[in-house]
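Across the two complexes that follow, subunit A remains constant while its partner is subunit B and subsequently subunit C.
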Partner chain A sequence: MTNLAGSRPQLEEKPTKFVPGQPDMWMFVLFESLLFTGYFSVYLVSRTQNEELYLRSQAALDLRIGVFNTIALLLSSWAIARCVKASREGAYRPALINASLTILFGVVFLVSKVLEWVKEIHMGNTFTSNEFFQHYFFLTSIHCIHVLIGFIVLGVVVYQLWSPVRRSQQLVETCATYWHTVDFLWVLIFALLYVVR
Partner chain B sequence: MSLPKMKTTEPLTMSDPPTGSWVSRLVWNFRHHPKRELWFAWWVMVIFYQLYGVLFFFVTRVQPPPSPAWDTPTVVRWFDDHDFGILAGFGVVFLVAGMCAPMNALLAYSMRRMSVSRLFAYSYLIIYSLAAVPGMLVMAIAMIVAALRPHRDPELIHWLYDFAFLSFSGTMGVFMIGSLVWMVAILLDKNRVFPKWFGYLSLCNALTEVVVAPAWIFHRGAFAWNGAIAWWINMVVFVLYTGVFIVLLRKMIQREDFRAGPLPALPDKGEAAHSDSVEAVR
Partner chain C sequence: MSTTFNRRLLIVWLILTSMTLAYVWMDHTVDQNGTLRASTVVTVSAIVIALIKVRIIFREFMEVRHAPAWLCRLTDAWVVLIAACLLGSYFVGSAVS
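So, the complex of A and B:
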């Protein structure tokens, strides 16, 4: 997550009230966390009712692709954290480069995810194959929709950083918070679908 | 007294504030209150959603939805058990369906009060005016047709059952676009009509509408039209979202000053008691 230690002196004057970006975005993080907790709960309850099917289906997933997806998104989170840090220091060119890197890692994630879907479908594992793959395609798809929205959000970051007349630090941090949420949700999805046996 | 036009530069002044009994105050409010249309639309919204809940959950019993996996005899038996509730309940639904008009107008008004293009309000108004058809009326017609003649061919009754629930649950994309329009308007707005977190909550609501799409495919499980994800979680989010926007619209009306520019914040309770503002005399 974004390092808060590098904030400017005027921001450190009110440490108890400070959260990166708009506090409203943290409400979104809360809403999304609750919503996905609901989805994960349904998955886990369904799993307890047919554990053998879930274990057998999980074996059809390639753990290496899941690890690659996770590394791609973690790198994107690292890049957006560096972008926020550079922007706070007024180094807008490195900030822009890091925002571009975030988009690049996001695209790598998305492309690798689509390739994985194609591979699974070729193996006969589709959305209607069984309960596990219903959850697999649902959770990964809804997450990818968040990634697509994330590209719009990262576009806002680039737009803000591009011109000296804009450069709202609050907006940059708000957008970074969204992107970290996308990463955070993926780590949970990865753990549940690929790792937990 | 006619409603003051928006974008006036003069502050709103009131004459003859009501004193005496609540009846005289009610009459004064009815005749003179500059926000009477807004409050009327807000109360219509509150009453409509209460009626909607009672009619769909307790009278017609179509919510929570029964299973899409039922065979024909079970579906026919379900109609036999619920026929009076369906006929009477959906009869009332047709009577009150028009309440959507002032309700949607108030939602569009909130966007007109924002600093954003009018296109948002017009888009929202059109989407939600059309949404009443797949969201409510088609289901009501199909259900009534099925319940009206219980001795009809059972296969036809089953057909109407599928048609009703798929039209109701499977068409949430319309509402998704509506939520997104409202969300973008809130996030772009500089008049602080709604807090930004409500814009983000609108995004959550829009994303749950996407989740209903698999209801077209599945007969059972979490993604069927009565499933844990496609219905139960969505319903929790929808109820929360609706409750929140009803409260926020109430605050918006209280804050409305019929001027251009940012909406003023609500005064503290102590200040409000001594204020000669419109809300203090309401």
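So, the complex of A and C:
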């Protein structure tokens, strides 16, 4: 396993330009965002064909819950960004605390999302109710699967930072890149499901 | 140096959160007594704001601003591509409906 000090130069010695994490993860990020964009396009076209139904269904969603979810994920993204910087500077304890905060805010997001699903199902809005709720449940659940994978990824960060023999800055950055992707995909999903009119 | 970086990340988070809260105000201006109203201005603004947020996340949180030019250009091109797909789908869909 690569050692932080051995594998990559410290911040001061680092060249001005560097690719954060492994380039493979960036290819994955761009591929994932393209896949989601394809689905978003289908959603927007469907929406314009039956605007009244979408607006009526959207009224059953609580914008404040969507805002809360977004802020929770933005907090988690902020925490993992601080984790990357702390670990780069060799401050492993703050890095671990920030990685744990990222997991905490991720859990807050997930619990809030599950509670929202329960609320919608109790209101009679299920996957088979109408076209809008098909998109709503599909997009939010596929995103939640990414969040669950993100927990494994964040577990890798904690595992890496825990012991000096395992610390690899590149791996920490790679995992952070994945988690930020989960965040920005939600930013788009939130705008499309809750905000557009 | 570390404090400067952390302050920058805090400002970035505050900007992203403010943009998220702007959605609430935006929707309230168009909705009437709990009834949702169709609005091209709100739809286009929501998509544009979301894409600006995505670019900020790329540049600041994902550290693309420190990355080589090819990654900066690639992520910017990606944001433009997503914008073209989303706005294009909305306007083409509206035109044929």
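What we mean here is this: the second predicted complex is superposed on the first by the 180 of 197 C-alpha atoms of A that agree within 3 Å, B and C clash if a C-alpha of one lies under 4 Å from a C-alpha of the other, contacts with A are read in each partner's own complex, and residues count from 1 in each chain.
The working rule: a residue touches a chain if its C-beta (ideal position, glycine included) is under 8 Å from a C-beta of that chain, and two chains touch if they have at least 3 such contacts.
Everything numeric in this text was worked out from a predicted model, so none of it was measured.
Considering which of subunit B and subunit C touches more of subunit A, the answer is C.
Of the two partner chains placed around the shared chain by superposition, subunit C is the only one that A:197 touches, whereas subunit B remains out of contact. Residue contacts after overlaying the shared chain place A:40 against subunit C, while subunit B stays out of touching range. Residue contacts after overlaying the shared chain place A:22 against subunit B, while subunit C stays out of touching range. Judged by the touch definition given at the top, the superposed model places A:143 against neither subunit B nor subunit C.
The interface of subunit A with subunit B overlaps its interface with subunit C at residues 38, 42, 45-46. Residues of subunit B that touch subunit A in their complex: 195-197, 199-201, 203-204, 207-208, 210-211, 214, 217-218, 221-223, 228-229, 233, 236-237. For subunit A in complex with subunit B, the touching residues are 22-25, 27-28, 31-32, 35, 38-39, 42, 45-46, 127-128, 131, 134-135, 138, 142, 145-146, 149. Every residue of subunit A that touches subunit C in the complex is listed here, in rising order: 11, 16-20, 26, 30, 33-34, 37-38, 40-42, 44-49, 51, 55-56, 58-59, 63-64, 67, 70-71, 74-75, 77-78, 80-82, 84-86, 89, 91, 173, 176-177, 180, 183-184, 187-188, 190-192, 194-197.
For subunit C in complex with subunit A, the residues that touch the partner chain are 1-2, 5-6, 9-10, 12-13, 16-17, 20-21, 23-24, 26-27, 30-31, 34-39, 42-43, 46-47, 49-51, 53-54, 57-58, 60-64, 66-69, 71, 74-75, 78, 81-82, 85-86, 88-90, 92-94, 96-97.
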